[in-house]
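Both complexes below contain subunit A, partnered by subunit B and then by subunit C.
Right, the complex of A and B next:
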């Protein structure tokens, strides 16, 4: 697998070389390539860049939902946000959810992929079972698990002989959300692992077998190292997705913030401030804060990965 | 070869021609319909948030209006209840695409920028359609008045009730000679009744369903009992919080005791109605549950929330007609909106059957309404309303309920102590009082919301 660093390096060198050879015909590079990326750039600008810039501006105003009478108030919204316990709570819930979900998804997806990879008979059935939940819309998955977690009539309590108030008690609600998310989204990471497992050359295992390595040793010394890149990818994607958790939480909690606000996520709080409290300026400010946090996480991951790649290259 | 002499180009040409012709055809139809609406009839666009039983009752009333006023075409749209509705209404009014008539909870009107997002009613015009201030209780009419103008025309009062199963209570000896629940005037009375009722309850059912985990219901119950204790929220100038934490603690401890004494089960979640239908003796619910329980043919009664702290008071909100802001409001559609609202308010007998208490006093005092059961048993709630304070952040599912409701829940389920929860409620009230209304940039103290 190539990393971002190794892809970028030759490209940069190539661009420099191209710059010298195309000096006589300036702009030709854009004429050829530019038109191909223009549709993407136009949409990206319209739906990402422009809203982002507009959001930054709105975060410095006291704009309301109706878009009338907004005034520039400087950094007031940001100052308020830093003192807002509800925002910190919401951030805490999103972070806690991420901490619970990400390792579980990585481990579970790996185990399921190993299972599906090694079982010879009816392999298609396993793949189907593990992947199909991912195809469900979040509302369907959320409603399904709302029924399953129902304390009186739900299957979860019935099967395990429990009496747990899953969705109505603050100490269980987040756990219920995590369980639902694992079931619903593990299929995607499972598929990534399965594809990676299938691409490990068989001769490595054969050589290890000849050297007397057992199944456990082959897993530890061949499979896991060969899957390191895909594990990094799974973890990165899951972190970014989990931090933005929203839909399953609101569906399972009947569009509320969960028992005692225990499952109100950051995205949900932003939505509430913008569309329930009509404070678009403030909602923009906290979404910019969230954007910065997520960007920092993504950059930190890239930086860590680059360091590791450089170490490996040494 | 026997194939029809139609080439590919001809086929495409014919298809294209058909498409163009169809386009013109539909365009013609469209303009014809518009012409019909604009010249032959007055059209009133009306947005409401009524679904379920309320929805079918409203549609029946609209149909009756259409039959009585063939010159007015009512185009009604039912939107999703709660905040999505209010967001759409606000944006439509701000973007000058507002409907001619809308419905809101009266508690939300103060926060909805009256004068900018809402237009005031023409009281004289309403009077010509048979609706006057004298047809309302003064307090209810005044709730719709802001800065001296009427912005909300109440249709009903909906209240939180104590529903009881007569069959279970009869077994427990808790019914009086009139076949109604024995009077309850103190906390001890109430828990005594619960204790007796529990002994007559089938196994596996809770004694009372009171939406323990629901921030809205818990908040509504809190408002009711806090009002029974004579508690206040803010001073008249809206600059000081006068919230009494001792009284609040009393109320929170009272709600909590239902759980700690085992009468209500937090694990039951939102199956209160089902439990009641299955034989649970009590359910605290909104009056909109009347059609559900009557439909299940239960032997039941309903009283306002029991006056356990002495003074009767039960939480009340009100559906009210509003005129979303239009820059060119006036003319035939506006008049028709006035006529429609006045018609529905004065013909709310059908509405009352759905459990709501009609705001229009002549309907409320009719023998026909007085004969409705169990409505007659709780109609007095009209005179003992416990309302949220009249500030921009209050009202059904508003910011106040969102901020304070979860605190009440935390005390009721036992994860926070009542006195600590009461202090947190006071802190939240202070924060909200200092907050600016995003619609007009003014705090509660800076006016705009005072009657």
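Right, the complex of A and C next:
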């Protein structure tokens, strides 16, 4: 909590001391606090917790889409899922996509933010240019790139003098998806980095300058360390978002699984099982498996983060 | 490559700045090129749009695609649907997540820690992760193919609660204490002191919720089949594609779907960046 944005962070000591007085106020406790969180919790229970529990229940049945006459079949769905090559393929595609996209986004967003931060003129213009793709709906961005990657009539091959069958050849389809995603989503991480850069106190740089540090040294010794937390956040958000990739993949592949099923993602497979094959029980089982994977990733991050703060605290 | 930078310079151009600006312009050109091509395509005739080899500028400029798009009628419905859904989602999210963020940050009640843990676990659940069970839930509630079904499931974003919770923790307690001593209640303090103080954070949360909701594809795609109820991104992706792709029209439709947010961003970008910095998202 003691990095760039700490201007806003609470002063721990003061907060703790004042906290006890507030908590001790009679009549200001449970009721009021409870009512503050109640509206959110109502929506949250109905549309997050309940579906999660219902998913667990459905995953143990052979429910179809109409939700009638489901039979309890125990762990059969899970057993089937673990032996299902299509599920593993889909999981592999989502994981591969994540591995490709996340490092690229982090590096690219950082470079763009450094660029926009250091150009003195026309700040708003650079912000707009780098962020504008993120403002497009995923389907629009997907259609646009489907069109750009079109082998005959598309601009990509035309500009680079290529003859690549981007969307119809299994060896290029994933790459096309990654390129589209970089262009479309890097703006969000760019904005996070830019805000973080702007909140690094100027006096740090001035002090370093007085000590004779050049621009390169200032970047290595001040900027990068100060950006460590935001980098962690960008990577975490991006991993969770990339594992859940769906929109651009289906749009660019005309709602199909891509050439030789090479871009069918995990979310897509879940929805196909649920809504196309009407196997709600099975779809719920693989959704739960997916939830467990996402939770494991998130917990691993928290665990790593805790270890690091403990180290820093020593 | 020209640099369209407004020249209200106070400081002289240094060689370093010139290099950086040229670099910035080049990168911007790469970012804008796909959009420019989409725009030019929308101004070609359908036959020219699919001509091989392709070319940037239309030989014959025409607004035929835009006219045809508006004439089909659906697009105005989709626009209104998008607007209704996004405005409702943003209003509800701002209200419930500000209240919840404050409740968790500054009030005490039984079971707070457990509930907070539960909300944090919600960070991992989204329509992408649990789409099928969420759909059957909404189906049970009789909300398939309704505005309610599109709006309400988007209104429980744990992430926004967490962001505001973090922010409210940083609001100086002394301000609230003073108001309590003057006899103000919790609600009064919240609405007259805390909310005005948090305007930049609330603006950031609101804007990002609006962007996410306007651009949301997956959930409306699952919950609506009726073309009259579709939102802009869905209508364009699912209905227009199913006629066989007419590229000029598709590009025009895409630009129409994207334009409102681009306009919003142009006007509010300073607040957005300030808001991101202010929520503590960027620096914690």
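Everything that follows uses one rule, which is that the second predicted complex is superposed on the first by the 286 of 314 C-alpha atoms of A that agree within 3 Å, B and C clash if a C-alpha of one lies under 4 Å from a C-alpha of the other, contacts with A are read in each partner's own complex, and residues count from 1 in each chain.
Keep this in mind: contacts are C-beta pairs under 8 Å (C-beta built on N, C-alpha and C of every residue); 3 or more make two chains touch, one makes a residue touch a chain.
Computed from a prediction, not measured in an experiment: that's the story for all the values here.
Annotation for the three-chain superposition on subunit A: subunit B and subunit C fit side by side. When the two complexes are overlaid on their common chain A, residue A:49 makes contact with subunit C while staying clear of subunit B. By the touch criterion stated above, A:214 is placed in contact with neither subunit B nor subunit C.
By the touch criterion stated above, A:92 is placed in contact with neither subunit B nor subunit C. For the combined model, the angle formed at the CA centre of subunit A by lines to the CA centres of subunit B and subunit C equals 80 degrees after rounding to the nearest 10.
Of the two partner chains placed by superposition, subunit B and subunit C are both touched by A:280. Note on subunit A: of its two partners subunit C and subunit B, the one contacting more of its residues is C. Of the two partner chains, subunit C is the only one that A:196 touches; subunit B does not reach it. By the touch criterion defined above, A:163 reaches subunit B but does not reach subunit C. When the two complexes are overlaid on their common chain A, residue A:225 makes contact with neither subunit B nor subunit C. In the superposition on chain A, A:103 makes contact with neither subunit B nor subunit C. With chain A used as the common frame, the shortest Cα distance separating subunit B from subunit C works out to 6 Å. When the two complexes are superposed on chain A, the residues of subunit A that touch both subunit B and subunit C are 63, 67, 152, 254-255, 275, 280.
Interface of subunit A with subunit B (complex): residues 62-69, 71, 150-152, 163-165, 167-170, 254-257, 259-261, 272, 275-282.
The touching residues of subunit C, when paired with subunit A in their complex, are 3-7, 9, 11, 17, 20-21, 23-24, 27-28, 31-35, 37-38, 41, 49-54, 56, 92, 95-97, 99-100, 102-104, 106-110, 112, 115, 118-119, 121-126, 128-141, 152-153, 155-156, 158, 161, 167, 169-170, 172-174, 176-177, 180, 185-187, 190, 211, 214-215, 217-218, 222, 232-234, 236-238, 241, 247, 250-251, 254-255, 257-258, 261-262, 265-266, 269-270, 272-273, 276-278, 280-284. Contacts from subunit A toward subunit C in the complex involve residues 1, 3-6, 8-10, 14-15, 18-19, 21-23, 25, 28-37, 39-41, 43-44, 46-52, 54-55, 58, 63, 67, 112, 115-116, 118-122, 124-140, 142-145, 147-148, 152-155, 158, 183, 191-196, 198-199, 229-230, 233, 240, 244, 246-247, 251, 254-255, 267, 270-271, 273-275, 280, 283-284, 287, 290-291, 294-295, 298. Looking at the complex, you find that subunit B touches subunit A at residues 82-84, 87, 90-91, 93-95, 113, 116-117, 212-215, 266-271, 399, 402, 406, 409-410, 413, 415, 436, 438-441.
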